[in-house]
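Down below is the structure, laid out as structure tokens.
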Amino acid sequence: MLALFEKFRKGRFSHGIHPQYHKEATQGKAIKRLAFPPRLIVPVAQHIGAPAKPIVNVGEEVFRGQVIAEADGFMSVPVHAPATGIVKDINLMPSAAGPRMLSIVIDVYQASAQQVLYGEPTEPETLDRKELIRRVQATGMAGLGGAAFPSHVKLQIPTGKTAHTLVVNGCECEPYLTCDHRVMLEQPHELLQGIRYALQITGAEKAIVGIEDNKADAAAAVKAALKPNDPITVQLVETKYPQGAEKMLLKSLLGVEVPAGGLPIDIGIVVNNVGTLAQLGKLLPKGEGLIERVVTITGYNVNMPKAGNYLVPIGTPVRFILEQMGVEADHEKVILGGPMMGMSLASLDVPITKGTSGVLVFQGREFMEGENQEAVFPCIKCGRCVDACPMHLNPAQMAWLAGKRHYAEMESGFHLNSCFECGCCSFVCPSNIPLVQYFRIAKAVNREQKGKA
Amino acid sequence: MSLIKQDDRITVDTFLEGIWRENPVFVMMLGMCPVLAVTNSAINALAMGLATTFVLITSSLLVSLFRNLIPSEVRIATYIVIIATFVTIVDYIIQALSQDVYNALGAFIQLIVVNCIILGRAEACASRNKPVKSMVNAAGMGLGFTLALLCLGVVREILGSGSLFGLPLFGEQFQPWVVMVLPPGGFLVLGGWLLFFEWLKTRKQQSLAAEGVTHG
Amino acid sequence: MSSKTSTAMIATLGFVTALSGFLIVTVYQATKPAIEENKRLSIQKTVLEVIKGATADKHFIINDKGELLEAVPGMKGINIYAGYDARGKLMGVAVEGSAQGYSGSVDTIYAYTPACECITGIKVIKQTETPGLGDKVITDKNFVANFDKLEAKVNAAGDALANAIVAVKHGAKHNPWEIDAISGATISSKAIAKGLNGSAQQVLPKVVPLLPTIESKFTSEGAKP
Amino acid sequence: MGSTESITFIFFNAFLANNFVLAMFLGLCPFLGVSGKLNTAVPMGLATSFVMLVSSVCAYFLNELLVMFNIEYLRLISYIVVIASAVQLVEMTLKKLSPTLFRALGIFLPLITTNCAILGLALFQTFKEYNFMQSLAYALGAGAGFILALLLMAGLRERLDLAKLPSVTQGAALSLILGGLLSLAFMGFAGLGAE
Amino acid sequence: MSQKHIILRTAPHVKKPQDVPLIMRNVVYALLPIVAFAVYQFGISVLALVIVTTLACLGTERFFNWMGNKPSSLSDWSSTITGILLALTLPPGFPLWMAAVAGIAGIAIGKAVFGGIGYNVFNPALVGRAFVQAAFPVAITTWTPAFFTGRFSEFVPSSLTLPFMMPPETAEWVEQVAVDGFTGATPLALQKFQHITTDPFALYTGTVAGSAGETSALLILVCGMYLVVRKMMNWQIPAWLFVGVIVTSGVLYLINPDKNPDPLFMLFSGGLMLGAMFMASDMVGSPLTPRGVMVYGLLIGSLTVIIRVYGSLSEGIMYAILLGNAATPLIDAWTQPRLFGAKPKGKSA
């Protein structure tokens, strides 16, 4: 009976949550360019996969757009200099994830015109897939949606499989973030160009742009920019978190479920983020590298009149951004990314990377006033996490197991590895149990155990 | 195991271990069926305990006497036959002594056969020791069992019927807690006793630890 | 396995079985009289208690053919316990009744008094009703008072009771053959009534014609006090 | 004389109202011992109730024989021997007919010999003077009741394994209190099937 | 620039504004009108009953906190709920000392031994009620008429029974206060044992005999709806429960309309509404999964009807819920949600 019910609910995925979106502060503000900071910290691993290898030395002069670290194999992308300057240091520096990472520190020439002097202009339409993929890799593109998966790998169809549909993810379901929204509004032509390139590379017949219905203006802008013979459609989907997760988006748009443990390509679909494709549409013809990205800078309970969307050079330290915004560093929490999945920073010297979509400053928790905000109660088995989990897991059961360190059973019996840490369970938990954190720990322990075995 | 065999001395502990350290009910959790089923009054508990003790002692004696003759392949079967014999005997004796007690205990007398304590004693003690020692040990076990049954029977009868060994304690107006003589009462009272012993144990450990800190 | 050990096994088992058989039979024989005496005494106690004014009892059995026989162990049929006073006058007969209560059968022994053609006493000999509620059928004074004089007249045809014994709800007793139920323990009360009725309908028509014979047995045979 | 109880009443009485484990306290050892995990409780329950059925039938005919020869005083000894042999027989038959089932139930079968629920069933059906069909209903009800109690207990204990129990209530005491609460809940079934 | 104020906490960094004490406190709010109506109906005896059970529950909870060297857990309001609910399920003239026993037993063996809130497997209020039901079967089935005059100035005589003593007979007193038509039996008992059906309107509005807080089904329904609207209760549990009741009693009614009551009567009589709205829906004892909730609701609903019709007790909801609680871990284990992307027919676990 429930299955029958499910059939009538096309255009949406089941479960998920409706947080407060707080997008008003920034969604109406056009993208502006942020100043260059005096010093850039450019990690060599801003993507998933093998870190890039530095090819510059300390004291060397680098120019904006120059490759400063080259890809180490196929699962890797190069890193380009975000600004003209001098390499001050190549050393371990703080990162958002916590552990220090190898980074190239560049002191920016304040007087430089900061023009991009490097590039390999071409007409992508004339090239074959293999060459295109090489060129995508050369741009250093990694998914700008947050996961930072190397874009060329994503566009490369594994042997034995074919792609019939390209899904373009314009959901941006994280609260506060509006950078993708602005990109769609302001750069629909670049975006469509990127989609066309992606169709060419993947061989998919059609593309669907999925946009949440709270961004109808963006959808209209993209539609207006369509050429008559484009095999591209724009489709609105329900505003709900985590609509932007690719499995949820596919369910909503096409009514299909990606097999558990599988990838969209297993059912012939390639998913890319709007920000990524818009950037690709810009960079690929010019043959330039990815050196800057759009970042939403805003906050909660913080006086930030300049909040908005900014084009920020990769490697800009958060501290510099906050100074530019005129925000005191004396606040409770700074988050890189969205509030649901982003990381709260231990140090303000962490730089913006290719995957950073937002810088959020939180003062106090978004919670009712006067309540004991941090107290954790025992699980009262209300089942809200079960109703919220978009992957249809049982977070409560896994949390009990985690409490007794039965990590292996979480994986073998309750699909721990299908959890993509969207945070819905923690969000709804009335007992304030840090469920997602439990699952991260469990996954890490399981990985370690497997490594040992 | 071989050590036990060689040590033929009968110590106080041979007798006492069954009462406290290896109490069949509170420590080993054996023979639970009669423990809960017949302890709704103290007199039943006592009768059951004594009947079990009788079977324990006599079957221990017989098993111990024949311990060198019984081939190990058929030893369990032999033990069961011996135990069943004495249970039948005790069944008839009780019937001859008092029809009321017999009616109250019902089939639970015959169920002594499958009381794991007796088979356990036969296997673990009587088959390895001389008759006198195994009888002393069996007597200790039996007494421990009887005491445990009484612990339950007394509490359940006082609360559940307001009497002890059939004698009213509190007068006419006392409101009995019927639940205590019902099945849930059996579970809960035994659970309560176990909690109490566990609490005593942890308290003792805590005080020992505290002493260790102050003196050490 | 060598034949030697099998022989030893069989020998041991045989010996132990023989020994246990011997022990059991000895004890059985030794306790048998005492047990039967016990059983008889407990029945006698019940019978004398339930038949008012009786001081001696005697156990009869009515067999399938409707014949009255003196009870011998192992005999099949309907048990009838007669109660006499010291001079041998038949004060009443006690009959067993059984019906299903809440948690198993409720077995009773009740007394039928020929003089008033009514049931004059009842005793529950086995029941497993809920203590405190269902077992009020034993303890509740008002309920027990039902059986001081409960009509159980055999009809004209002599094959059933004139009026079936029924339990009615508390406070609604109007006829002498009705039982006033205990409020809150209706089912247990009904079980008693059902047991009484079932037994009385079947047994009394057979017993009533035999009453003179039963009375006569006292003088000829003599009952144990 | 026999018993007047109806077959449905006997079944439901043994199954729920006078549940063998929770009201009669029979089979407590496996109830407390094997109820820690669901995946052992299920085969144990199945094996036990199967043996219950077999030994109930055996005991019925055995008792007919004993009564015929007037040797009721050998009842206990013959019951226990027959049950032990029945368990052996079941074990061997199972091994031959269904090795998969045997692997699942195998380790539990020897334990069942000393399970008082089996002997208790045989003795009670004799005492209550049940006829063959009544005995069968009794055995089925008792078996079903045993499985039900075991399953409920195993589920609860598995859940409480993951709870933060006070140090005093771990182990046997907790199982007993759970048993008490289950028994309390089962009192709701009182009288089911009566009338 | 100092950074000492930075709080490190993993994602997510936003939180739905609802926590355990807030939910529990709202349940208490929802119960208050029911308590008020019960006091209006039965007078100060019920007021004393509520106070005694609540204090007994809170005291026991605090005692076990102290025993386990744990901080006080009274502020999560859960014991307060237990106390109030317990009082509402007891007869209005229930001796106060027995009510205290119920409260102590409910918290001690129903909750504290398992580790307190969240870890209990049975609803503590029902454990307490089942305990006294088994312990004092007579007192708990002795009912008091509603709306008797002088109910605000005098206690029901059985309320003030001395501890450990038997309550006095109330039959004479009932005659004295003389309320028309009071038979001393609940509608369910009347129906079950004498096949007298009570006017449904009286059932909705609570002018019948019964436990302190179960007599007005309509009020309870409204108070429950408050929690549903505030999204503090899983409405599916009472909904499925009602479905279970209606289907089971409907079938039985169709089979034998003379003997078996109709579904509407089943739904609005006895403690069903209170049990469905406030006890079956207790989160701690109910399954996690949506399918599990369905099974749980249907199970309790049908069990209630079966116990009412075929059992020896006239009321079955309490035992049905306890049995549902007992079955919850099993239901949960057998209704694990189907993993997103898993094959539809494949076993989920």
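For the reader, a short list of remarks on this structure follows.
In this document, chain identifiers A, B, C, D and E correspond to the written order of the chains, with residue numbering beginning at 1 in each.
As a working rule, contacts are C-beta pairs under 8 Å (C-beta built on N, C-alpha and C of every residue); 3 or more make two chains touch, one makes a residue touch a chain.
As the structure is a prediction and not an experimental result, all values here were calculated from the model.
The chain pair with the larger count of C-beta pairs in contact, out of B-C and C-D, is B-C. Among the chains, the centre nearest to the mean of all shown protein C-alpha atoms is found for E.
Here the spacing of chain A and chain B, counted between their Cα centres, is 69 Å.
Between the CA-based centres of chain D and chain E the separation comes to 33 Å, rounded to the whole angstrom. Remark: chain A and chain E have CA centroids separated by 49 Å (rounded to whole angstrom). Chain geometry summary: the mean Cα position of chain A and that of chain D are 59 Å apart.
Among the residues of chain E, those touching two or more other chains are numbered 109, 113, 115, 118-119, 131, 134, 136-137, 312, 332.
Among the residues of chain C, those touching two or more other chains are numbered 20, 24, 28, 102, 130, 132, 187. The residues of chain D that reach two or more other chains are 73-74, 77, 159, 163-164, 169, 173-174, 177, 180-181, 184, 187, 190-191, 194-195, listed in rising order. Interface of chain C with chain D (complex): residues 20-21, 24-25, 28, 98-105, 128, 130, 187.
Taken together, the chain E residues at the contact with chain D in this complex read 64, 67-68, 109-110, 112-115, 118-119, 121-122, 127, 130-131, 133-134, 303, 306-307, 310-313, 316, 318-320, 322-323, 325-330, 332-333.
Of all residues in chain E, only 98, 109, 113, 131, 134-137, 139, 161, 164-167 touch chain B in the complex they form. By the touch criterion stated above, chain B contacts chain C in their complex at residues 66, 69-71, 73-74, 77-78, 81-82, 84-86, 88-89, 92-93, 95-100, 103, 160, 176, 178, 181-182.
Touching chain E in their complex are the following residues of chain D: 38, 151-152, 155-156, 158-160, 163-166, 169, 173-174, 177-178, 180-182, 184-195.
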